[in-house]
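You will see subunit A twice below: alongside subunit B first, and alongside subunit C after that.
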Partner chain A sequence: MTTRTWTSVGKTVAVVALLTFTLFPVYFMLSTALNGQNGSGTDSLVPSDFTLDNFSRAFTEDHFGRYMLNSAIVTVATVVVSGALAMLGAVAIARFRFRFRSTMLVLILIVQMLPAEALVIPLFLQMKDWRMLNSLLGLILVYIAFSLPFAIWNLQGFVAAVPRELEEAAYLDGCGWWRMFRSVLLPLVVPGLVATSAFSFVMAWEEFTFALTFLSKDDRLTVGVGLQRFFGAHVNDWGGLMAASTMVTIPVVVVFVLAQRRLGAGLVSGAVK
Partner chain B sequence: MSADTSAAAVTKDSGVDPDKSTSLAKAGAWARRAPLLPALIFMIVVTQLPFVATIVISFMNWNAYYPKDRSFAGLDNFKTVLTDVNAREAIIVTVLLTVGVVLISLVLGLAIALLLDRKFKGRSVARTLMITPFLIVPVAAALLWKHALYNAQYGLFNGVLKFVFGDSAPQPDWISDHPLIAVMFSLVWQWTPFMMLILLAGLQSRPMDVVEAARIDGASGWQIFTNMTLPHLRQYIELSGLLGAIYIVQNFDAVFTITSGGLGTANLPYYIYQTFYSAHDYGTASAAGVIVVIGTIIIATFALRTVLSLFREESR
Partner chain C sequence: MRESKTRPWLLLAGPLLVIAGLLLYPIVRVTTLSFQRYNLREVISGSPVFIGWDNYKQVFTGAPGLPGSYLWRTILPNTVVFAALAVILTIVLGTLVALLLQSVGPRVRALVIGAALIAWALPAVTGTYVWVWIFDPDNGVALHFLQSIGILGQEGHNWFTDRYSFYAIALLNVVHHSYPFVAITIFAGLLTVPTELHEAAKIDGASAWRRFWSITVPLMRPVFAVVTILSTIWDFKVFAQIYLMPGGDGSNPEVFNLGVWSYVSSINQTKYGLGSAIAVLLTVVLLLITLVYLRLLFREEDTA
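And then the complex of A and B:
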């Protein structure tokens, strides 16, 4: 064989090894979730008995459906409120010049870098004072604050990219600020809103530390902590466990696929350019 | 003086007649700021004030079990964190975990990026599939590794060992034999795609004409890699490594899920959780939190410097 075929064989082997390394755990999760017979580890390498029973069982057992609903409420509230607040903030930063503008920008960046561990104690005590432990609202408040910095930074780039002349044209046509915002600015920054919403969504859906410390009542848990409890209670129900893990992951995949094009471009260009 | 210039700037900006009273200009300035205020106030109340509170608590004796003994403690809590055996161990584990995960996933990410930078059939599909581990919810990934892969009786690893080597195959208990490595490996699996994405972006921004020229001059693949590709990628490697480090220093869910902080895998975030949630020692836990922040700031400063130097490179 020529060296050329050898390189291409090598490349194929490398790509296959690579995909095995990254995909196999996920494949295993899916095949176990869809398999009716899953007594032990190797049974599901090749699923033999296709079924959706595991999903319906996992969803109705204990409070798992409730965890999904709680997480959906928390996540949607976080995305909507932080999106609205960030949109307003981004307009102010991108369009208006005022004193302390750069101070505020730096302040926002600092918020982004604070780890949860540095805030969890006073926030826990505060929520306890307000009797908001075990309330989804308490969690939503914290998540909004954590998703705002990235949302504002990201959105203000999109707002700044809209030419001012467009806004001025709208004013000349007799629009007020609100009308201009709704009919000119907002439609043009929709891609930015999609990307920021996807980030807030994933953050709120996957957050663990605050959910673990704030929530203790079983019917109030969100998916991260809930999934953990579920695993503890059903150690032997392999199909159910993997079905539950799959259900928790599906929303993230859906959001990613929906936002992928904008997200991919934004992620790469924003990081290094 | 700055007040004057800003007022002037405001009047000029808004097109208001400069002869009008300054109070109008001031009102205008506030109207400009107003849209930002809700978000700003929200962030200050929910993140900045608690952070100040954490710093204050870190200088206090405050244990919920002894509510009457609340007092100023000076630097005692910090002394405790830096001398206590568990806390010191937690610091060492944090460093080991962060360095280990970042280095291994960087090397793997680089190898994968180099591979996916070459042309082959189905390359774009392979690229998309590679991101999958990043999409799995971290807790679900940790549970998957713990129960489906590492488990000694029904786990996939031991199942495969049995399948390949027969009934006499070794059946190690992965998590209790190598707890830290088990945690590390699940994190490497999750973080490699992230490193790969940034490094791939770096590879694609490489000026190919220069590489072609080097090849024509007779440079070998290895020479091109060490003398051209690596130096070009240096900043991208630094950036992805530092960004990854910021997150992995703070990692809590993997440690909590896979080992519950046992078997010598408790890192600083876990130590904080334990000190605060189980021992109710708010003072010591806050001091440990402040130390995590200082560590994060140190890493973040380097990260920012790298980002800035990338900016400069672009504008040159």
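And then the complex of A and C:
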């Protein structure tokens, strides 16, 4: 009896400690964002002056609305184009046996690990030559490329899981390949597309390195770099920064909760088939 | 089944074009740059100068303004030791959380998974700002807490100037952000371990500790291998988490890691050749880790 009590006490302590460590930064971000007076961290711990002023200030004085819009444009374009391209690539790899197929697979796994810090130097010089710094299109192109290898790798596991018999049934019914792709394969791979899009979404929404390097004009910034504008020369606007951080975090949490069940699926199972 | 020889290549044409133009060509260019002098003067004149291994010599034996042992004493410990500690802490915490998830009721489990998802979703950039705010040397909550219980005096303390406390905070940040993925993945793996094995071992009198090492670990080896190697790759190239901490953006060379050093040298100081050499070094290290990962994946494939 006593051992069992001690075990359950131990478990409770572990759960409480874990939840504190996990949620404290999130709580502290929210409580600072909602507090009118953030003279010191202790003031922000429990909001005494409950207000939404920090949010409205972030949007009116600090152009944060503009940054959110820029990030939304970049993210949607990246998710759509990289999802479409990844779908084509995933079907090629999962459904066809061709020469260099395993070479393709290894290539995709290798380019996936390339660090942004190595790519940013040549891409910065390239974009400068093309006069595409401060252009959202330039950033979108880079994000599509950056998210593509993982998207293909993740999606091809889902494509491979669709039974071939369904495809063959479509052919017997007289469908051409393209018709079969649209009416059979595509609808069945939607869950995989959701998971893949979630990863591309998060990458493009919060990307920092390329945005920091490519964007310098105030009206072109995305949220990842726009947050830096809250650091003044003398005083840091912690309330505004945390309000803006909250706005950056909310879409990601929504996407994670929606895609939750599928996030790990492609990564662990069916990685190489 | 009708298979044409051209169709896979038609499908791959778009993706391959993007990968070749925006990932492979830049890697070739950064390698070329690493053998050139390409500073502001060369950028303006448009003609880089080939200088052989000079940039690499600077990386290994000291660039102007930096001590000769900079790579060995500062950069490599900040990169390798940090990554090793972050990976170990992430895997240990992730495993403990997965085991905890297995032993609690469904409600607590949903609560813990929900909290972990939120920590996972907290963007690296905003998460870093929150940790910087917590440890702010002027008004931070950590400072006030330590002063109120008497550990710190009125003079306060700036954790960001000292390399070890700087990286201790970075470690908190990175582990907080990356343990949820590991915990959720390992928990999913634990569900596949047959309960009969544990029950049989229990009857034979094996302790929980013994059962973990003799049953869970061997069966879960592939899952542990995948999360360990992915974490290693991610923790080797942490950038925003360092760059956004005070001093990490270039003012305090004591706290750079490989990625930050490469970025500051090239983009901030316009020494593109030197920065490229550092970037190539980082890429080669990551490539070696990836090759281990690939061998592992394909070996699992063969035995499966």
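Following the convention adopted for this analysis, the second predicted complex is superposed on the first by the 246 of 273 C-alpha atoms of A that agree within 3 Å, B and C clash if a C-alpha of one lies under 4 Å from a C-alpha of the other, contacts with A are read in each partner's own complex, and residues count from 1 in each chain.
What we mean here is this: a contact is a pair of C-beta atoms (placed from the backbone, for glycine too) under 8 Å apart; a residue touches a chain by one contact, two chains touch by 3 or more.
Fair warning: this is a prediction, and the values are worked out from it, not measured in the lab.
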Fit or clash between subunit C and subunit B when superposed on subunit A: clash
Partner chain in contact with A:142 - subunit B first, subunit C second, else both or neither: both
Touched partner set for A:50, first subunit B, second subunit C, both or neither: neither
First, second, both or neither for A:26, with subunit B first and subunit C second: both
Partner chain in contact with A:104 - subunit B first, subunit C second, else both or neither: both
Touching both subunit B and subunit C, residues of subunit A: 11, 14-15, 18-19, 21-23, 25-26, 28-29, 32, 39-42, 85-86, 88-89, 91-93, 96-98, 104, 107-108, 111, 113-126, 141-142, 144-146, 148-149, 152, 205-206, 208-209, 212-213, 224, 227-228, 238, 241-242, 245, 248-249, 252-253, 256, 267-268, 271-272
Touching residues (chain side subunit C, partner subunit A) in the complex: 1-3, 5, 7-9, 11-12, 14-16, 18-19, 21-27, 29-30, 33, 43, 96-97, 100, 103-104, 108, 111-112, 115-127, 129-131, 133-134, 136, 139-145, 176, 180-181, 184-185, 188-189, 223, 226, 233, 237, 239-240, 243-244, 258-260, 262-263, 266-267, 272, 275-276, 279-280, 282-283, 286-287, 289-290, 293-294, 297-298, 301
Touch list for subunit A against partner subunit C, complex: 11, 14-15, 18-19, 21-23, 25-26, 28-29, 32, 39-42, 44-45, 85-86, 88-89, 91-93, 95-98, 101, 104, 106-111, 113-126, 141-142, 144-146, 148-149, 152, 164, 167-168, 171, 177, 202, 205-206, 208-209, 212-213, 224, 227-228, 236, 238, 241-242, 245, 248-249, 252-253, 255-257, 260, 263-264, 267-268, 271-272
Touch list for subunit B against partner subunit A, complex: 2-3, 6, 9-10, 13, 29, 32-36, 38-40, 42-51, 53-54, 57, 112, 115, 118, 120, 126, 129-130, 132-133, 135-141, 143-145, 147-149, 151, 153-160, 162-163, 189, 192-193, 197-198, 201-202, 205, 236, 239, 246, 249-250, 252-253, 256-257, 268-269, 272-273, 276-277, 282, 285-286, 288-290, 292-293, 296-297, 300, 310, 314
Residue numbers on subunit A that touch subunit B, as the complex places them: 8, 11-12, 14-15, 18-19, 21-23, 25-26, 28-29, 32, 39-42, 85-86, 88-89, 91-93, 96-99, 104, 107-108, 111, 113-126, 141-142, 144-146, 148-149, 152, 205-206, 208-209, 212-213, 223-225, 227-228, 231, 235, 238, 241-242, 245, 248-249, 252-253, 256, 267-268, 271-273
